[in-house]
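Just so it is clear, A, B, C, D, E and F label the chains in written order, and each chain counts residues from 1 on its own.
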Amino acid sequence: MQVEEYLRGDDRVLVPLGSTEQHGYLSLGVDAILAERVSLEAAEPEGVPVLPVLPFGLTPTFTAYPGTINLRIGTYLALVRDLLDSLRAQGFRRILLVNGHGGNQPAAGLAAEWVGENPDTQVRFHSWLVDPEVWGLAGSIASVSHASWVENFEAVRVDGVQVPAEPKALVDQQALAVANPARVRELMGDGPGGGAYQRPDEDTRRVWQAAVERLRQMLTFGWDGAGEGE
Amino acid sequence: MQVEEYLRGDDRVLVPLGSTEQHGYLSLGVDAILAERVSLEAAEPEGVPVLPVLPFGLTPTFTAYPGTINLRIGTYLALVRDLLDSLRAQGFRRILLVNGHGGNQPAAGLAAEWVGENPDTQVRFHSWLVDPEVWGLAGSIASVSHASWVENFEAVRVDGVQVPAEPKALVDQQALAVANPARVRELMGDGPGGGAYQRPDEDTRRVWQAAVERLRQMLTFGWDGAGEGE
Amino acid sequence: MQVEEYLRGDDRVLVPLGSTEQHGYLSLGVDAILAERVSLEAAEPEGVPVLPVLPFGLTPTFTAYPGTINLRIGTYLALVRDLLDSLRAQGFRRILLVNGHGGNQPAAGLAAEWVGENPDTQVRFHSWLVDPEVWGLAGSIASVSHASWVENFEAVRVDGVQVPAEPKALVDQQALAVANPARVRELMGDGPGGGAYQRPDEDTRRVWQAAVERLRQMLTFGWDGAGEGE
Amino acid sequence: MQVEEYLRGDDRVLVPLGSTEQHGYLSLGVDAILAERVSLEAAEPEGVPVLPVLPFGLTPTFTAYPGTINLRIGTYLALVRDLLDSLRAQGFRRILLVNGHGGNQPAAGLAAEWVGENPDTQVRFHSWLVDPEVWGLAGSIASVSHASWVENFEAVRVDGVQVPAEPKALVDQQALAVANPARVRELMGDGPGGGAYQRPDEDTRRVWQAAVERLRQMLTFGWDGAGEGE
Amino acid sequence: MQVEEYLRGDDRVLVPLGSTEQHGYLSLGVDAILAERVSLEAAEPEGVPVLPVLPFGLTPTFTAYPGTINLRIGTYLALVRDLLDSLRAQGFRRILLVNGHGGNQPAAGLAAEWVGENPDTQVRFHSWLVDPEVWGLAGSIASVSHASWVENFEAVRVDGVQVPAEPKALVDQQALAVANPARVRELMGDGPGGGAYQRPDEDTRRVWQAAVERLRQMLTFGWDGAGEGE
Amino acid sequence: MQVEEYLRGDDRVLVPLGSTEQHGYLSLGVDAILAERVSLEAAEPEGVPVLPVLPFGLTPTFTAYPGTINLRIGTYLALVRDLLDSLRAQGFRRILLVNGHGGNQPAAGLAAEWVGENPDTQVRFHSWLVDPEVWGLAGSIASVSHASWVENFEAVRVDGVQVPAEPKALVDQQALAVANPARVRELMGDGPGGGAYQRPDEDTRRVWQAAVERLRQMLTFGWDGAGEGE
């Protein structure tokens, strides 16, 4: 009932897109948990609703790691389409997909197609962490990669699991580019892409704050016909 | 990495299936939140892993209530199929779908088809609340329906929202059976199917305990070639 | 041309849904033949048209029995959707799916979705034999199951085939619930679910009459805005 | 159980493909009824099994005539594929599709694709009536077209319906080729494609006999590695 | 920008449909190259636009020949549908599919379905070479078949490849009809269906001229409500 | 027959991916023509085969410009999958997708999924022009964008069409990001993204040479287990 009331005054909504996949010593749910959290935190001041995170995504390269759930690309695009259709039917018109996993990128292509069919809507696809501003800041602190320190927030640590103290050598990107899942596992071993496994919380806190700020900007500015949100 | 270790000694897994839809004065996430919680609580003693809940399902009848997310049936079946395929590829062989929403029933049909194609697996579809034992117990306490007291657990109440003190008349089931979404909303008004909106916590606690017990039984007994789980 | 004339005065139609699958000593076509017959007999007094029966359905559990034809669930739902679309395009608005096979249940989910998209229609899914009233009556006569006496009507007997005189022990339902097709065949052996293979024709005649009556009621009452059919 | 026994000595099967669509003054089921009958009659001497006819097909051009059921082409091909898969899983290896409706032609393309994926099978697509031999014979008797005398067999006449005594002018084929459904109805009026509505039974009997003979030939000769059937 | 201007005065367009597949000693692209060329030449005098040829089609029977690209039938029909949808959205209303490969025939079925859904359009499917008039003329010159002299135009010869001087015996059509891809290759050997590999250019020139003329006729006459093109 | 011989000694192949869409004053076929040309030129020294370019792609944002052909994303991914399957069936194992259009990016996701299912293959997705090296070089010459000078090669100019002499202001990227097709057209006007419409041929020649070199590198180096191509 609150949704109906909200829609009388605003038409924005956040849709966090996650993944369930290996993240080295961190939770399998890193991409889902963080995408949902950053969305909730960014949306809170303006009271914009946030959908429950879609916890599964496209991660065909990590399927040799047990615990990784991989959707077929056709399934995933159908799913995102159904979410968009449901939101539009309710009255939402400005939809911000908050993506927490690189492999979900084809959802951006689907969103473009869907806007072509639903020209009264606006959809943006925003990868909250690898956004140039946020990722750039992180990279200026230390070398960044999948499941490295840059994703090692308290919320996604696993009880009783210790991460290695020494940084990991960076995984060979060119070899990864042509690797099948078994070879990916050979190359990535314990999971992360390389660099420090953990850094002081003040470093990750800076990254997090930058990400929340950036997402709030996205939510507020840049919509067509809107100087500010709402 | 814990998943890999677990799979050396066991091959069971729980997959909670939820929905995001109107639940009267309760959270839109009732079916998802409770299906995940009951799964975690039931699985805990034996250490069986639980997938993140699938928060969206089939709910075409409630689409006139904003906040309801409805997947197309083809999308949903593809999604459940992909989850099953991913789990099997990792080594899981006994999969318990813990369903929290009546409309998701076609997933049981998909599971039967999938077992036909993957005869080395066993899949059971268990609706944790409307299971005859659990629902029967609840019905023996008071009249039960969608979004009535029987789903009014603390975990799914919305801050600051009060439910009506008086019970609601039961909605006309025959009229519902032929109703389109707009007519469903007319018939169901504020959302629940009728009966008390809330009852003393000791009543819901009894229902919850029965549901957890029943789910533990499912997890432990009834698998082919297995007197007990594991 | 008769259809066009009929549509000027009525908008109801019956769609029998069958299956081609093992039925022990009875015809592979039991579910199709009976669903069509009961529809024709029920519809006759009011002149409501009956589609030719859809002879194939969802029966993944019986695929180890030669003669069983199993459609994929996606195919089946597409098929039912196309039938509904064709009927609506012609002018039918109240559609009664007369189901003769338990496995076809997902068609009910599809029908709910379809009504959401076509809110000017009403669709009901009625399993003519396992309807509580009819099945209850049969159960009060003797124990009932798949391919047992309760489906042993003259119309579906196979020339020159004798059924065993002694009742069959009931098949273990819990074992069936997790069985793959080969195991289903082990458990069910000659096919039926147990109980008497045949009973006096007066017993089956009572069941049939009750089923025809029940179906006529469905056809006449319970539609929105309609005290009676037409 | 008879199917299993049959498969020990033979691997042929007939699959009649029909349609439910306008046929002028004749039954909507002409294409289904006749395809099934001709199959049963042709198969009888050798005891080759015949699937129940698929009563619905591809008939997008006749949708402006109430009573016509049109499947989408994707649905239809999925359906034919599922039938082929089911038959192959049971042990059938030589499958004869007996087609009763011109619009179903894309099933021949699907069959070619399916044989490419299942190289241990042989599938033939045979249109029983418009086969050059049979259609040629009919044409030598009188001008032939859709729903004209050449389909006017006793089995598909409608009780109490009289056909016009005078032949109908042939419908303009070039105009039909670019016509949408409404225009098709304008052009075809009462339904048939032109020519006599009915002719003496001895004429249709000759056509029928030729069709049965031709189908028996198909069933017996022309399979790879087989001088004769079985 | 020229397209927009053209659409102010005309609404016709040509869509060449090709295939990439074995053609004996000729280019793998014969069906694509020729369909595009014949379209361009036919369309030139009236300035009707020609889409780039779709170079891939349905050719499941030739997959044992490396170099053959076979699309799944579902993919192909989706593709043709998308082309039709795109053309209609731009304003085209009379669409001529110029087919260069027999296996693409199911596209004609799709076109019929699509016109049913888009009744303001006209679509014709024309196989430029096996059209009775053109193929008949060729057959009157010499025996014709796949990849024989009748497709041996200069534009599709491969540099440095010589064709055999002697004609090839005709391949057994009845054996082909039930052959899987490996058997097709056994039967067809070096590729063509039989007859002369090459004939004097004046023979192929006559065929080509007839084909261009025929296609111009199709483009100009036979559209509904149009004595002439435009 | 040449393909078969080639496959005895090598297993690489190039698959150019194009698009048919507005390119301002240039040919609608820019992305297809150039992707095919750059592939042929790069492949020539090593004799690696090049598939005919796929002339249609994903371009939902340009559909308000007549002449633009947009495939649905599901269609496109099915198409790329079928190409990969056909190539693998023939014996190709190292496949280089040479992409000429930004919107086709989801094909990279499909390729990753496909490699997961076909782990004996390697697939790379290379956007020949916006590759950082090539695009960076171009950007160092002058400001670059869609349909600007950087795509203005002789091969894709339209006879008799003059491009404006003055550079175009850059189109507002933020506005584009939320624009529907009609708004995209408003923003982009005559088509290009801004900058010079044409530059001296020596500039485009430098870009082309760099692109050919880069593609040759991709073709030769970076494959798993291969210091060099072949």
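Simple rule for what comes next: contacts are C-beta pairs under 8 Å (C-beta built on N, C-alpha and C of every residue); 3 or more make two chains touch, one makes a residue touch a chain.
Since the structure is predicted, the reported quantities are computational estimates derived from the model, not experimental observations.
K.L.:
If each step moves to a chain the current one touches, what is the fewest number of steps from chain A to chain D?
P.N.:
Minimal hop count between chain A and chain D: 3.
K.L.:
For the two copies chain C and chain B, is the contact made of the same residues on each side, with over half of the numbers shared, or of different residues?
P.N.:
Chain B vs chain C: same; shared/all numbers exceeds half.
K.L.:
Using mean CA coordinates as chain centres, what's the chain C-chain F distance in Å?
P.N.:
Result: the chain centres lie 54 Å from each other.
K.L.:
Could you work out how far the Cα centre of chain B sits from that of chain F, in whole Å?
P.N.:
47
K.L.:
Suppose each chain is reduced to the average of its Cα coordinates; what separation in Å results between chain A and chain B?
P.N.:
One centre to the other, that is 27 Å.
K.L.:
Give the residues of chain E that touch two or more other chains, as numbers and ranges in rising order.
P.N.:
Correct list: 63, 70, 72, 74.
K.L.:
Name the shape of the chain contact graph, picking from line, ring, star, complete and other.
P.N.:
ring
K.L.:
Put in order round the ring, from chain A and then through chain B, what are the chains?
P.N.:
A, B, C, D, E, F
K.L.:
Okay, in this complex, where on chain F does chain E touch?
P.N.:
Result: residues 1-4, 7, 20, 25, 28-29, 32, 51-56, 63, 65-72, 74-75, 78-79, 81-83, 86-87, 89-91, 158, 190 of chain F touch chain E.
K.L.:
Residue numbers of chain B touching chain C in their complex, please.
P.N.:
Spelled out, the residues of chain B in touch with chain C are 58, 60-61, 63, 70, 72-74, 77, 103, 105-106, 108-110, 112-113, 115-116, 119-124, 174-175, 177-183, 222-224.
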